[in-house]
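Quick heads-up: structures coming right below.
You will see two complexes here that share subunit A, one where it goes with subunit B and one where it goes with subunit C.
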Partner chain A sequence: MGEAEKTFLSGLHEKLVEEKVIDESQLEPGFAKQIQKYGGKDVMTCLQCGNCTGVCPISLKIDYKTRSIIKFCQFGLKKYTLATRWVCATCYRCYEHCPADINPAEVMIALRHIAIREGVIPPFIKVAATNLVRYGQTVKPDQEIEKIRTELGLGEVPTKAPEYSRVLREISVLVHASKYDSLVGIEEEVKL
Partner chain B sequence: MTSYAYFFGCIIPNRYPGVEYAVRWVCGKEGFDLDVEETKEFSCCPVPGIFYSSDKDTWLLLAARNLTLAQNTRREILTVCNGCFTSLLKATEYLQDPKRMGKINHVLAQIGKKYTGVPKKTEGRRRIMEPVKVRHYVEVMTSDIGIDAIAERVTRPLNNIKVAVHYGCHYLRPTENQTIDDPNDPVLIDRIVEACGATSVDYEDRLDCCGAGGGVRSHVVDLANSLTEDKCRNIAAAEADCIVTGCPFCLLQFDNAQKSFSKDGIPVMHISQLQALSMGIDPISLGFDTHHVSAHSLLRKLRGA
Partner chain C sequence: MPSPAPHERESEDVTPSESPGESKQPRIGVFICHCGSNIAGVVDCGKVRDEAEKLPGVVVAKENKYTCSDLGQEEIVKAIRENGVNGVVVAACSPRMHEPTFRNCLVEAGLNPYLLHMVNLREQCSWVHSQEKDAATQKAVDLVRMGVSKAAKLEPLEARQVPVEQATLVIGGGVTGIQAALDLAQMGFKVYLVESSPSIGGRMAQLDKTFPTGDCAICILAPKMVELARHPNIELLAYSEIEEVKGYIGNYEVKVRRKARYVVEDKCVGCGLCAEACPVKVDNVFDMGFGKRKAIYVPFPQAVPLKYTIDKENCLFFKTGKCKLCVKACANEAIDHKMEDELVELKIGTIIVATGFDIYVPMKKGVYKYWEYENVITALELERLLNASGPTGGHLVRPSDGKIPKRVAFIQCVGSRNKKIGNNYCSRVCCMYAIKNSQIIKEHEPETAIAVYYNDIRAFGKGFEELYHRVREDYGVEFIRGRPAKLTLDPEKQSITIRAEETLLNKITEREFDLVVLSTGLLPSDGSKNIGKLLGIQTSPDGFFMEAHPKLRPVDTAVDGIFVAGCAQGPKDIPDSVAQAKAAASSCAGIMAGKKVEIEPLTVTIDEELCVGCGLCEDMCPYGAPELYDREEGGTKARIVEALCHGCGTCAASCPQKAITARQFTDDQVFSELVSALARGSCRNGDQKGPVPDGPAEEEVS
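Showing the complex of A and B:
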């Protein structure tokens, strides 16, 4: 080994020790099992070929690499996966290209399930859930659009009809039965 | 003859009423006169990027509730949105598992509903059930009505229009659920476009994501927009007059994102709106004034000016 190489390697080693050292306390041994519980496949069978990152439209743009996230899952580095899970567009390209048939997009969805149960809930989840319970749809009705609907002769949206209150009650019952209201914190919206 | 139930979802009625008008017009008396009915009790599908991502049990319950409504009227669900399509179709597949179906029905009993699927045939005294059919608008147009019939009804061919087709991810993938089109070389929307007399132009990375799905638009809008910018650059390079998609969420993304990086933008519309134009509808009914990118350039070109 030449002197230059030695210096480079030792430097690299120091850098690794400084920044990237992972001690056992950070690892969660059952993490791969937890992912399976929420519908992801076994991440341990990942070959780390990198096809998923290569085809990922988001990986092109930001420092989010599907392969690295799967690697973190294999190690059980739960906290490393928490920051990136909501940027997956669920386009399922990785699934089409995965030779190990892992379906990384479903792993990301399992990671979202885990994060939500850790209490890391992005605000739009709550907004959408509230809209669903209030209006029966995740998009809030808009007054301007209502006007245009009348002009076109489409009438008001069906969710505005008085009979729709029965549907809203049914939605509330279902959301409450699956404990989704307490999961995302919309208990006060649910009317039983 | 197959009977359908409209499933417009959240975005079309509340953001793009013109698409709703176009679909009703194309499927109604002025168009192909399908046996299609209103089901007023439908709720959100629910949207996969939120509910499928945060709690699969809740997602399946709400989807099963919608499916039972179509099951009881023995109708096929006619979705106009890729998100509704993938969400409901995936739910029918999940409900094929008897254990899971039992669990769901146990909760649905609280609201007096039960998902069983629809009877397909009887073998002796046993009834064989099949899942409720979930159809995409594009699939109904191309397989139930047929390209020839679509072309026959064209009264105002859009001869001078160049169209960039955007399929949208959940129309194409994941393939374990979808079989309506080739995920690596889809053709159905292009065929409808050609049947309307317009030209479908090829552009780079045409199967790429618009960037909105999976909660990305709600979470990091800049990231979603930068994906759309890449697509629009490729579409502009192909000199397309408009973008046509089969998904209102992609439509919303293209329509809203373009003002963040360009002044004029390329008009975007749903495939049903393009069809209605070719069948001679008055463009004023298509609600283009609710779109952020003005469709004037396109309509002027259509008038042959």
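Showing the complex of A and C:
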């Protein structure tokens, strides 16, 4: 677990710049439109009631306020949103409770799309993407996992099966065709 | 300008013939309105005018910044007179807005008012196509071309006058219905007030005090209820339902079902001996389920009429066939278990719908645990707990153990402003009643800690903001901006912990309370669906009855002679409800004082020669206007009861024989419009050879 925690929580340095006054120069016009383009379609509907923060399982553990991230989006404070940590588990509890029927998780996903294109990529994404190309799954198979699988009666991960290399190739083709490899910087991993 | 000698002079001088049916040489006047920038900001009105001028039959085409202004109207009158116009097209706003205005212009110029055709360039063109100016202009040209071809085929019609019954039916006996009935009665009109429950008073009778002044609700309502019961012009039909409504403005026929009380109203003196004798105890509905009442009951001590009613579902006699203790107790022999429902027929001129509202009931599996935690109650339940004549005599205690709560939370916007459950609207009263109730609690128990969980505080009325300030400054009520996410129960203390983000602090908070009050929103009353169906009046998307115009006709409905007031039209507080009641009453009085009312002649006619008496029209008509009859010379035919016809055209469209014609929407007129609409296609397709037709109107009209 120590490994996973390190991967998921420490990667992105929080570079929140504490400004005393937020002026026009810090706002990104059309930021909400950009978010809508990447799937966060109802971002402007939010009335800031805070219900999402209250039900978010993450927000009880670390300083992560769904409502306030949505406010940054509405306001156009792009650099603040880029500094948020990628901890949303897309459990959709916020969506379930939102009285305005918004899906905040979609906004979080849209923010990741934008961040990646801005070159703000947490290291664990690169690790996961590399794993995906190498092993066909985002988590590297290791003995510990194999042990748990055996205990659960799931058998080994079929890396030795003949179809396995074909599957890996297909993944590589998809990763390359969608330009995902160049976006996250794993071109050298993709062998076609 | 010397007063015109309208009709005759026009026909002598210019118009060759105006009698209907005969072919006339169309002389059309087209008047295009800019509506300030509403239309002209999008549509190139100059171009539309130029195109209109070229259309066949058009003798004059003008544009005006505001056609509805005095100047614009004068221009129409002048143009009609000078050019011998016999058909007018006004291309402006919706006919619902200004059709009467421009019809008057035609009358003033000596034309039949029904020779007007309105083309809607605002709602149906400029407002909806504001991003596509060129296309909007092209569409405007098309619409005007269609309008001109229809105007050429319009025929003069005569409006009819019918007498108005001097009586109003008020549906609903809450504060709105009571006020409307009193106002009309004082003006000298007969009023029938129909209320479905055993007593009038409505929701206001349940409240403790009213915001922002703190008047006791029943203390200010009860005198009105008594006055109403005593007024010679008012007939109170309590415990009654509307069964059927037929007819039209000035001449409604209404059937009312007087439900059996099993107590003869004339004999009951309201002494209450029967209730003392009654052995059955049930939850008191008026007290929102707190406390008990008997199976024979009056809902509350100030009830009007003060007549007892047997609750048939719970009465032992109706359940087992035995008991009748109440009969023995009653000295006046008022109780009659054999009583049956009675149907009363009323002749009515105008109707006021004041069906009020129902309270939103929190969801069974909801986050706020209304159905699971005893100490989570709704605001109306709190009103009863605070009320001096309520189940606790006005002492606020919490339901679980009867102890005085030391910490009280209000949760706002429960069932309002919530897209998930489809109630997008603000209920308008919850902020203020929560603030008012927190003040009352503080007055009862000054040491109580009160927190209000809110999204926005809407304290917009007279004296509201001042009350909001008072509870914060003088009473120390805490306001937390955030919607609670989770309520957890401490089973031992029966206290409830609320988790919510205090959005202004940007922190998640957890606070413990002894009592949680849900500020539940307002819904259209349950019975209003049926009333709406019976009356043929529409509802807005929120389910409340729709007014004819949101600003200028706030209490009118789309059906003439039927008005809506109070919370039936949308959530509102008591002053607004009373104001609407007065508005509706004066609107009714305006119609009835005229004794007669004009009925639009836009109805249908049946050609008896073509009619085969199949009766399809009778089945299709939503208003019951067509009827089949046997002719003396034999054969069954359909005829139209014109007074019932709304001119909707459903029968005309469905008649397999094409025997039915809708006036001003004849096949000839509609098809000429269609042909004109399609004419543009050939203009646009550049590959078409030959002269570009300006519209087929050319051959159609001449």
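In this section, the second predicted complex is superposed on the first by the 155 of 192 C-alpha atoms of A that agree within 3 Å, B and C clash if a C-alpha of one lies under 4 Å from a C-alpha of the other, contacts with A are read in each partner's own complex, and residues count from 1 in each chain.
Basically, a contact is a pair of C-beta atoms (placed from the backbone, for glycine too) under 8 Å apart; a residue touches a chain by one contact, two chains touch by 3 or more.
Since this is a predicted model, take the numbers as computed values, not measurements.
With subunit A as the common reference for superposition, the partners subunit B and subunit C occupy compatible, non-clashing space. When both complexes are overlaid on chain A, the residue A:A32 reaches neither subunit B nor subunit C.
In the superposition on chain A, A:G50 contacts subunit C only, with no contact to subunit B.
With both structures placed on the common chain, the touch criterion links A:I70 to neither subunit B nor subunit C. Touch counts on subunit A: comparing subunit C and subunit B, the chain ahead is B. When the shared chain is aligned, no partner comes close enough to touch A:V133: not subunit B, not subunit C. In the superposition on chain A, A:D101 makes contact with subunit C only, while subunit B stays out of contact range. Once the two complexes are laid over each other on the shared chain, residue contacts for A:V190 go to neither subunit B nor subunit C. When the shared chain is aligned, subunit B comes close enough to touch A:I109, but subunit C does not. When the shared chain is aligned, subunit C comes close enough to touch A:S59, but subunit B does not.
For the pair subunit B and subunit C, the minimum alpha-carbon spacing after aligning on chain A is 7 Å.
Touching of subunit A by both subunit B and subunit C, each in its own complex, is seen for no residue at all.
Within the complex formed with subunit B, the subunit A residues making contact are 38-39, 57-58, 61-62, 86-93, 95-96, 103, 105, 109, 112-113, 116, 121-122, 124-125, 128-129, 132, 136-142, 144-145, 148-149, 152, 154, 157-159, 161, 163-164, 166-167, 170-171, 173-175, 177-178, 180, 183-184. Those residues of subunit C that touch subunit A in the complex are listed here as 367, 413, 417-420, 455-456, 481-486, 499-503, 506, 508. Residues of subunit B touching subunit A in their complex: 9-11, 13-15, 17-18, 20-21, 24, 38, 40-44, 46-58, 61-62, 65, 107-108, 110-111, 113, 169-170, 173-175, 183, 208-209, 211-216, 218-220, 223-224, 226-227, 285, 287, 289-290. On the subunit A side of its complex with subunit C, the touching residues are 47-51, 53-55, 59-60, 65, 67-68, 97-101.
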